[in-house]
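I am attaching a structure below and will ask some questions about it afterwards.
Note that the chains take the letters A, B, C and D in the order they are written out, and that residue 1 is the start of every chain.
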Amino acid sequence: MKKIINHPERVVTEMLEGLVAAYPNQLKLIDGRAVVTRKNVPVANKVGIISGGGSGHEPAHAGYVGQGMLDAAVAGEVFTSPTPDQILEAIKAVDSGKGVFMVVKNYTGDVMNFDMAAELAEMEGIQVDKVVVNDDVAVEDSTFTTGRRGIAGTILVHKIAGAKAEMGATLADVKAVAEKVVKNVRSMGMAISPCTPPAVGKPSFTLGENEMEIGLGIHGEPGTERKPLATADEIATELTDHIFKDMPLSSGDEVAVMINGLGATPEMELFIVNRKVNQILKEKGIGVYETFVGNFMTSLEMAGCSVTLLKLDDELKDLLAAHANTPAFKK
Amino acid sequence: MKKIINHPERVVTEMLEGLVAAYPNQLKLIDGRAVVTRKNVPVANKVGIISGGGSGHEPAHAGYVGQGMLDAAVAGEVFTSPTPDQILEAIKAVDSGKGVFMVVKNYTGDVMNFDMAAELAEMEGIQVDKVVVNDDVAVEDSTFTTGRRGIAGTILVHKIAGAKAEMGATLADVKAVAEKVVKNVRSMGMAISPCTPPAVGKPSFTLGENEMEIGLGIHGEPGTERKPLATADEIATELTDHIFKDMPLSSGDEVAVMINGLGATPEMELFIVNRKVNQILKEKGIGVYETFVGNFMTSLEMAGCSVTLLKLDDELKDLLAAHANTPAFKK
Amino acid sequence: MELTVKKAKLWMEALNEKIQKHKEYLSELDQAIGDGDHGVNMARGFQEVMNKLSDADYATPSDLLKDVAMVLMSKVGGASGPLYGTAFLKMAMATKNKEKLTEEDLTLAVEEAIKGLEQRGKAQLKDKTMLDVWIPVHHYMKQNSPIDWGNLEATAKGAMEATKELLALKGRAAYLKERSVGHIDPGSVSSYYLFQTLAETMKEGDE
Amino acid sequence: MELTVKKAKLWMEALNEKIQKHKEYLSELDQAIGDGDHGVNMARGFQEVMNKLSDADYATPSDLLKDVAMVLMSKVGGASGPLYGTAFLKMAMATKNKEKLTEEDLTLAVEEAIKGLEQRGKAQLKDKTMLDVWIPVHHYMKQNSPIDWGNLEATAKGAMEATKELLALKGRAAYLKERSVGHIDPGSVSSYYLFQTLAETMKEGDE
């Protein structure tokens, strides 16, 4: 395992210290809790927005703490959901009395831990609600299973729910718009190389020189299918096809596009993928309102990418365009 | 070689097409020339700022085209300086009559090609001047050699010269402030894994599981020294020590810090490095005015980082803080 | 044979040892069909359990189990933290105030733990989760009095191994669909360790 | 023996073939002490030279060499583009209007090319650049009339190989300091190919 770290067991703490050291006027760290909040929380008269999950997805989630997005982010160990007591700490730190909204990715662990924290917070008189993001179309949604995972589309939920809260919306209104995003956002990912969680020290899987994994998440797990490595255009086509199958789009629809790198993908490759995604959308007559290309939701040093499409209406467009100023996302 | 591309020989063109497709309201591409400009060039009454170099350093350089930074970026093949005719095209596109300023990294090829372009432009009556960035302290500066390389510090030159030009400064004033930045900026890099230029198909070097290269640039080249892999804190210490030796800083000085990822370095690791760099500076009583952490000047999928320190005065602080809105850098 | 406070502590010590020793194996299993952290999670959690227990005196096994639950809940994270936390909490609640736990007490405790797990995780038998060990073990306990702890261990082991052929429907392994078949469920292995060390502790006779 | 337009074209064809064939080798040499693009750069440039020459008729070798220069200048990039561009441009300028180039003409052309290279690249003999091939070759040409083209090739080859032991002071290899020693300079190899193919072309006698 080659990493620029000091000790596998200290990566999360040291990373957060380094983050807060970089943005001392915007962020602060709740000591010993791995919770990063805006410097001025709770923001008066605003629904507090929190998110979080395992670490290893940087800049998610602490990089999205700031004006127009999150009030706090809770960091678990690498790829491990944070615990209820940490999450409770974040809820308490951001509650201005107007309630707290949690953006949770749909993983068994995350959902359970956030729910337990919400129960504890409610016992302390804090109103809490949540949305569960499940944008990954790699696995069909089904009531018999865990359902779909939350991946890069989560960032668009942060952005839009954050903008809504910043305008003074109620907890119910924030929830409504967040659910609208979840209903209209779909993603699908692929990778050409695995990652190595620091505490494990071994790559999550091995891939041949000419193989790729399609339909994988952001935790170094294998995907739904292993295939021969394809060209960027073929990959873009396959990922968007999967999305269209799940969420049909028609000529005249407008979308936001996110081409997300998994950590070790050169930006060059992300733009080559975007070129094709953009062509595909144009050919279908689908309007591209805005495009985001970069590392938004990573999986340590995995090489690969995901494509996210969010179908927009006027409300979503306005909220997407609203001011945001966080370390990793500015508008 | 595993890459998400279509064809090694088309990567630069397709990447630029994908970039311009992502920012159609801000950027445009001069067809067949690999020149990306702001949509509205030439900007009236403003010195045009251009930069460029080989590709493979994304988001450098086209990602920095936009308000407050560059007017155009010229892309060569991967790791290969662009040619004089391409550069001339960029110069002509951005000249508003107030002259054009070129930010050139100190590599034999880059300097020669930009100089030749400048000569051609001058023959066409365009005033051109330049700064040569040489922030890398890995190799001592010497009149007998090529001198030092330009690496991540270049982005700070773009930012500050760009801000100055945006204020309506003359070509001479832009040059003066750019030279001030060059005089006060120092960087040093290291890597734990090599990169593979698409057209070459083989990694630039091989490193053992416990080895790292210190003092390398951004072209996949080996460094000045191969060493056993050290901890993040030791690496941060070694890189900053090299910088201090070249540019002594004293208590009370103020700096901007850039922790730059080479392409495949998880942000987690960059923040762990920043944590230590910040501690080192604080211990010396050096003020940190602003910190930039991320992939600013990469080397394809190389894993590693560089540390940049820019010593600031009031003028540089103001220009650093000025508004900027480019795909890869916003203020 | 009964579970005293002392024995409960010995159980937790044995379980911790087992987990620390097989930490890498558990993580490897989780890398195959999950995110590779199960060994790390369990090892971190039970290390903290040990720290907690070493400082404390307990009047009843229930008090001890409750502390185990609280530590797991706040130190493990992921899916296994709340799940094991819930399981131990339910066992504590089911045995409240009892100084020693009989085999019947333990059977009831396991039954309550399963109810808690089902409620938290919404999984069922054959979903390829730790429940696929808990449910058969509970079944065995209900059917056999007195319990043959050797047989109980064998039941747990067989149940654990049988998860290999299941298609995952819950937890991260479910995302792999057909590819989850052919790999043992990591949480079932840690649950097997739990019953294995319980059996060993109970077999050692009264102190 | 003289260099006619026809022979100049044959020379460029032979040089292009050589470069395409050894593209990977040139890039490997450049990966060791540079950025690994020399083979790719030269191959791209000379492919374009071929495209250009195939469509064109020239009155003099000078006209042909000038076109080679312009193509290299605008298609190669990096350090070698302007350098080879300059070298060919200077050769063209030094032989302007001549229908056939004598050995003396060629010697003068190489001398002018070297001046151009020195002015553009600011390098000197022993800096571990292509000049370490050009200068010894020119020296040999000046001292030997008529030129023994076999000896000239040997001179170029020896000079190319001798760059291995030099410490680089110019170009990217200079950043490696001591680590540049022990590797042949890639630009010296492409320059060796240039003189090797010139020698072969000249040896083949008048057509």
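Quick notes on this one:
Quick note on the criterion: a contact is a pair of C-beta atoms (placed from the backbone, for glycine too) under 8 Å apart; a residue touches a chain by one contact, two chains touch by 3 or more.
Since the model is a prediction, treat every value here as computed from it, not as a measurement.
Path length between chain B and chain C in the touching-chain graph (shortest route): 2. In this assembly, the chain whose C-alpha centre lies farthest from chain B is C. A separation of 75 Å divides the Cα centre of chain C from that of chain D.
We define each chain's centre as the mean of its Cα atoms; on that basis chain B and chain D are separated by 32 Å.
The centroid of the Cα atoms in chain A and the matching centroid in chain B are 29 Å apart. Looking at chain A, no residue sits in touch with two or more other chains.
Chain contacts: chain D has no residue touching two or more partner chains. The touch graph of these protein chains is an open line.
Applying the touch criterion to all chain pairs gives A-B, A-C, B-D.
Residues of chain A that touch chain B in their complex: 2-7, 11, 14-19, 21-23, 55-56, 58-59, 63, 192-193, 209, 229, 231-233, 235, 257, 259, 263-276, 278-279, 288, 291-293, 295, 298, 300-301, 303-305, 327, 330. By the touch rule above, chain B contacts chain D in their complex via residues 54, 76-85, 107-109, 112-113, 116, 138-139, 144-146, 149, 197, 199-200, 202, 204-205, 216-217, 219-224.
Note for the complex: chain C touches chain A at residues 24, 27-28, 31-37, 39-41, 44, 73-83, 120-121, 169-172, 174-177, 179.
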